[in-house]
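Have a look at these structures, which come just after this line.
Next, two complexes with subunit A in common: one pairs it with subunit B, the other with subunit C.
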Partner chain A sequence: MDSSTAIFLGLDGITNGAVYALVALSLVLVYTTTRVVNVAQGDFLTFGALAFASLAAGTLTPLLYVVLGIGAVCLVIDLRRARAYKRSLLAPLVRYLAAAIILCALVFAASHSHSMPLQMLAALLLVAAMGPLVYQLTVEPNPGASIVVLLTCSVGVTLILQPLGLLLWGTESLTVNPISDARVSLGPADLAVQSLLILSAAVVMTLALFVFFRHSLYGKALRAASINREGALYCGVPVGTVGRLSYFIAAGMSALGGMLLAPLVTAHYEMGFIVGIKGFVGAVTGGLVTYPLSLVGVFLVGIFESFSAFFSSAFRDAWVFALVIPILLWRNAYHGDELDEH
Partner chain B sequence: MKVSKLISGAILMVGGAMAQAQGLPVFKIGVVTASTGAAATIAAPANAAIELYREQLAARKDLPFKVEFIQYDDASDPTKSVNNVRKLIQEDGAAMIVCCTTTPSSLAVAKVSEAGHVSTIAMASGAAVVEPPAEKRYMFKTPVTDRLMIGHTLDYMAKHGVKTVAFLGLEDAYGEGGWDELKALAGKKGIKIVSSERFARADTNFTPQALKTMQAKPDAVYIHAIPPSASLVHEALKRVGYKGPIYHGAGSATTAFVTIGKAAVEGAIVGVMPITVYRELAADNPLRKSIGDFVKAYDAKYGEGKAEMFAVQAYDAVGLSVDAIRRYVASGKKGDLEQTRKDLRDELEKTHEYAGAVGIFNFTPTDHVGLDERTLFLTQIKNGQFRLIKE
Partner chain C sequence: MVMNSMNTERVKAPSARRVDPQRLVLGAVGALVVVLLLAASTYYVGLVAVLGVHAIVVIGLGFLMASGQISLGHAAFVGLGAYGSALLSMRLGMPVLLAIPCAVLLCTLVGYVLAKLTLQLKGHYLPLATLAYGMAITVCFVAAVDITGGASGLTDVRPLSVFGHAFSTRATATVIWVIVALLLIGYARIYRGRVGRVARALRSNSVMVGAFGVHVPATRTRIFVLSAALAGLAGALYACYMQFLSPSTFSLIPSVSFLIMAVLGGVAGPLGAVLGAAFFMLIELAAQHVIARVLELPGQVETMVFGVLLITMLLKWPDGLLSLIPTQERKPPLPDAGTPAQAEPSRRAPAALAAHNVTKKFGGLTALSDVSVAIPGGAITGLIGPNGAGKSTLFNVLTHVFEATSGSVTLNGQPLPKTSQDVVKQGVARTFQHVQLVQELNVLQNVLIGGYSRGRAGLFSAAFGLDRAEEAALSDEALVALKRVGLLDVAYTRVSDLPLGSQRLIEVARALLARPSVLLLDEPAAGLRAPEKERLGRLLQSLRDESGMTILLVEHDMELVMNCADYIFVLNFGMLLAQGRPDEIQRHPGVINAYLGAET
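== the complex of A and B ==
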């Protein structure tokens, strides 16, 4: 292997790692605010890509009906709770109706227009809306449950979402047009502008999340909610809303990753699973808690994957998953005492 | 549902009685397909083609015999295939059987049809279904095997001066099947395999494998995959600067290959079944008429452009059975069910130059696939179309 091949593989690995970044960031966001290791994060990526693909094809995506249906169930749950606590029934009703009308209007407009930003926005919000619904149905009924219980719930969610994708869109691969099909040459490497867009989205989101959680009051409140749920409640942090909000952002972020990835590899119902797992490996580098380290982690995964695919393509995934072991050893050696707090 | 079943049962019985009244012998053909379960998408066109054949047969009044079809669903489960075949042999008195949709099912029923002495025609692609022919005397199959297609592709490569080939394949049963055949055949055709790379459908990146392939400096690349991966790997090879010819297995012979690959797959050489290119065949080629007739009838019944690979395999499986029955009746042989089944098997094995919708069949005691070079075609993608390479 000469140096130009190495450079090509390295650059290729970084752009490929960026694909996993948005999922890794979503995982960290959800974990730091709700303590859920969300295995289903990859499915939001799939749904984002497929919803975008069906809107781009000018059809009303079947996902809309699913979201509206689950939304109705959640509305009933919220209404019953409001009645139990003797609160106004009007507030949740108005909120859900407004959300439903906005979603319907957006999706309808997107399926009838050829504007790609509008289609992306509609698909993004549609999938993001699934986040709080999933949170409400799977996490809220188990307040204060242990991490293992929450993890098991999210395994259940992925077992439902993946077949749902198959049911809604079938096994076929849908093609999606890229935002830009231009290519750039960097030394020996030839990269798609679309890949660079994914890379910049990953870096921008990392910085935004990092700044938000470190320096803003809201971000600190979100963190407080995960570190000590009851303490945060006494300080006036609305813990339930916090969870829904972080699920909303996380689902949207993963969906964005799917929409940006789909033009490169087509959209199909099983695309999210492997991306989700590799994103998880990256996020583990940051202990599932720090954004910049997670970004470093996914780049590491991407580069490692590129080189292992080059040297022994049949075992490339095995190599990437084996990477978890040294990462865990390293985390244990240098950050082991932090773990004891939990 | 129940009523319609009763009615159709009654019609069958009346039909059978009428045939007997006319003195015509009745032959039962048992059909087992994977109408539900994992392979349902493959079985749907197969069932449609069998239904079409049944209608066409019913419309013919000149035949000196009657055929009755008994159809079961195996839910893509080899155990159920075996049970259904056993039922067809022991209870329903089937003279011949068409089974099954999948390779695992077809492998599983081989022993049962052997023990029951009933010839069984499979619609599964794996060559192992009919191998070794000495032990599987009653098993036949209609689809083209990877072995035939890869052998043909390698011949073409050798003729065009290719000395070294690089393999790129899916890391599942399909890809490994292609790799095994290529490994076994390349040496015999004087071609050296210089690299072998794997990828999966869910992969997000194919550049490393493409780079590795290019650095092995092969004269040609052979890709054994299905779209979208087949198109994406092809594109990656072009992107890293590979300029040589790129060959594809029959898995790429679908319109999705071009719609996903777009301009990048222009010039790709793809092995196809005759149904993809029958319009371009020479006027005197019997396949032009046999496939043209099938496509016309199938499209008229199910919609324009619906005719496809999985339909023709089932259509010919039934067609070959009926052809064997026709020759058996013409030979004037008689006997009880047991003897008839054996005679029908022998008759099926004597199938000679049967031009079906898959290709031209010639069964022999050592060859139960029955297809040869005349059924194998290579195409090149030109302007987004599969165009026949005339040799």
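== the complex of A and C ==
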């Protein structure tokens, strides 16, 4: 292997890694605030890409009806709860209606215009809106459940979402236009601008999340909510809202990843699964708890993947997964004591 | 007083036995399987065979989960067993009956290596590691095309056969279910037995079980390896039945399915595994039948319905189906007179425990600085001090839960063993400030954990019922210990149903079961009502006078300490403030100052 091959493989690895990054960040966000290892995170990536493809093709995305339907169910649940606690019924009603109207208007406008930012925004919000709905239906009823039960619940969610994608969009792949199809040359290899966009999105989100959780009081409150739920509640942290919010951001972030990735690989209903798994492996590098290390982790996964593909392509994924164990052992040796056993 | 309590015990003795509902369910499942095996068409017999295979995996996985570990890669072990036995018999011409144990051995070895490598991982790292190696192994099944046939699968796997006579599907399914039945019996015994009790404490109370002589990593490893071996066995049987192997059968999705079966069924006993596996299959079949054939909806809806059902079940019954079926545990009649001499060993030689110049630092915080205490044998010694004085730290150093930063601890002049599980074998037993009981076990089972270091029965001797004599002797002693603390009449109650005061007394009874010569009690009276405190005081005195025990009492309740203790040490700010007889301590100006903040 000469140096230009190495550089090529390295760049390839980094762009691959950036694709996994947004899912990895979403996984860390959800885990650190709700203790849910969200197996369904990759599905939001799929949905983001497919919804964007639908809107770009000028059709009203079928996902809108699903979101509205689930939203209606959640509204009923919230209304019943408001009545049980003798709170105003108007507040949730207004909130849900406003959200529904904004979503409908955005999606309608996006499907009738050719503005790509508008289409991306509409698809992003549409998929992000699924996050809190999923949280409300699967986590909120039993927030104190053990990690296994929460994880198994999220398996249930993916069992629902993956076939749903298939039902809504069918099996064929949809092509999606990139934001820019320019390429820049970097030494021996040249890179698509789209890849650079993914890369910068990953870096920006990592920084934003890191700063928010490390340095803002609200971020600390969010972390507290997952470490000691009741304690956080007594301190006035609205734990339920926290969960919904982090699901919202995580779903949106994954959807963004899907929209940016789709032009490079075409959008289809299964695209999220393998990206989700690889993102997961990357997030594990940071023990599923730190953002910067997760970013390092996904780059590591990407580079490792492209090099092992060069040497033995069949066993590529085996190498990637086997890599996790030494990483975990290393994390455990240095940071294991910070983990509390649940 | 003693007579009175005896009378109430007699009344509480279990009356006429009713049939245990769990046994009824077990019987019904068994009967259904037998009928299907005898009379059903080959299609259904095939389903029953697969169900049996699943049940074997989930029995092992369930016990693993009951011990607080999760595996997201168990299908990989099933795959190793399946490919291992198939390839050994096809490529090397090994007889199938020999290939199966070889494949199980392979899984045992791989499981052992992986356990050694990963079981030290804490928190959620362990499930992540299991996920990773599960995926890696599965990818190898696909990638090693030359050996395994790759993604298109391995055909013409040899069926189960004896002396060249191949088994039919029906016969194979019968063999599988005979194994399931044997496993159910074996695991029911394991759950009840010495290691099973402790396994259930590993999840939340690993420090406590360590202090009663359990080598935690070794026990975890054993449970994991056993579950890997069972998964391998299930895989080998599956290969014989299907005679075709596809790598997707052993990927992440089936691994998760096994987990789902275990969670759906519940992990409080082996029956949960069979229920979970059966229920999983029922939902799957029902979804297929109703949605695809009757409603003629596309196949994806079936998976979605399955997802919805799964979530609903988990939200409604997080402890699984097993928690819906009440069980009646076997209750041997409570002993009548229960003379302490019956099970209580004779007076032991008094043992003296001493700390020499112990310093303990946590990072920058010095919790103990240069503390020396000599706890005399055969006496009750009190250790008091305001909150944060370092009492509990000293206590943990004395039992080697913590290692001292400098200084040493000796028992009768000999250095104390390095680890807490060896300390208890030297006759030093303790209770915990924050009650460390296994909430889902009953009182008797919790007390029996105290006898762990004195027993020998392991997983296998429990499974084959070889631990009966040992268990019976320990049970008798545990009942006597419960009688001593006045809790005999709740011996079969779940711990979680008792008030805190009783839970503290259970801790004392559990420590007694280790037959200690030195008994260390960490705030035993907190949460006790006045009559219970009196009883505790009398108990401590009788332990000293009749059994010759050395007792160290860390306590805030001054009345109890001053009435019971022969000698008192006072700690303040991590240093020894005073020592002496109770009346001396009561007059000691430094102590009064520390407690009341008077001017010096």
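FYI, the second predicted complex is superposed on the first by the 339 of 342 C-alpha atoms of A that agree within 3 Å, B and C clash if a C-alpha of one lies under 4 Å from a C-alpha of the other, contacts with A are read in each partner's own complex, and residues count from 1 in each chain.
Following the convention adopted for this analysis, a residue touches a chain if its C-beta (ideal position, glycine included) is under 8 Å from a C-beta of that chain, and two chains touch if they have at least 3 such contacts.
Computed from a predicted structure; not experimentally measured.
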Subunit C versus subunit B on the shared subunit A, clash or fit after superposition: fit
Between subunit B and subunit C, more extensive residue contact with subunit A: C
Which superposed partner A:264 touches (first subunit B, second subunit C, both, neither): first
First, second, both or neither for A:329, with subunit B first and subunit C second: second
Touching partner for A:231 - first (subunit B), second (subunit C), both, neither: neither
Subunit B versus subunit C as contact partner of A:277, first or second or both or neither: second
Subunit B versus subunit C as contact partner of A:314, first or second or both or neither: both
Where the C-alpha centre of subunit A sits as vertex, the angle toward subunit B and subunit C in the overlay (nearest 10 degrees): 100
Shortest CA-CA distance between subunit B and subunit C [superposed frame, angstrom]: 6
Overlap of subunit C and subunit B interfaces on subunit A (superposed complexes): 314, 317
Contact set on subunit B toward subunit A in their complex: 41, 171, 197-205, 207-209, 211-212, 215, 227-228, 232, 239-241, 256, 259-260
Residue ranges of subunit C touching subunit A (in the complex, touch as defined): 65, 70, 117-118, 120-125, 127-129, 131-133, 135-137, 139-140, 142-145, 203-204, 206, 252, 256, 259-260, 263, 298, 300-301, 303-304, 306-308, 310-311, 314-315, 318
Subunit A residues within the subunit B interface of the complex: 1, 5, 8-9, 12, 16, 19, 171-173, 175, 183, 190, 261, 264-266, 268, 270-271, 273-275, 305-307, 309-311, 313-314, 316-317
For the subunit A and subunit C complex, residues of the former touching the latter: 31, 37, 39, 137-138, 141-142, 145-149, 151-153, 155-160, 162-164, 166-167, 277, 280-281, 284, 287-288, 314-315, 317-319, 321-325, 328-329, 331-332, 336-337, 339-342
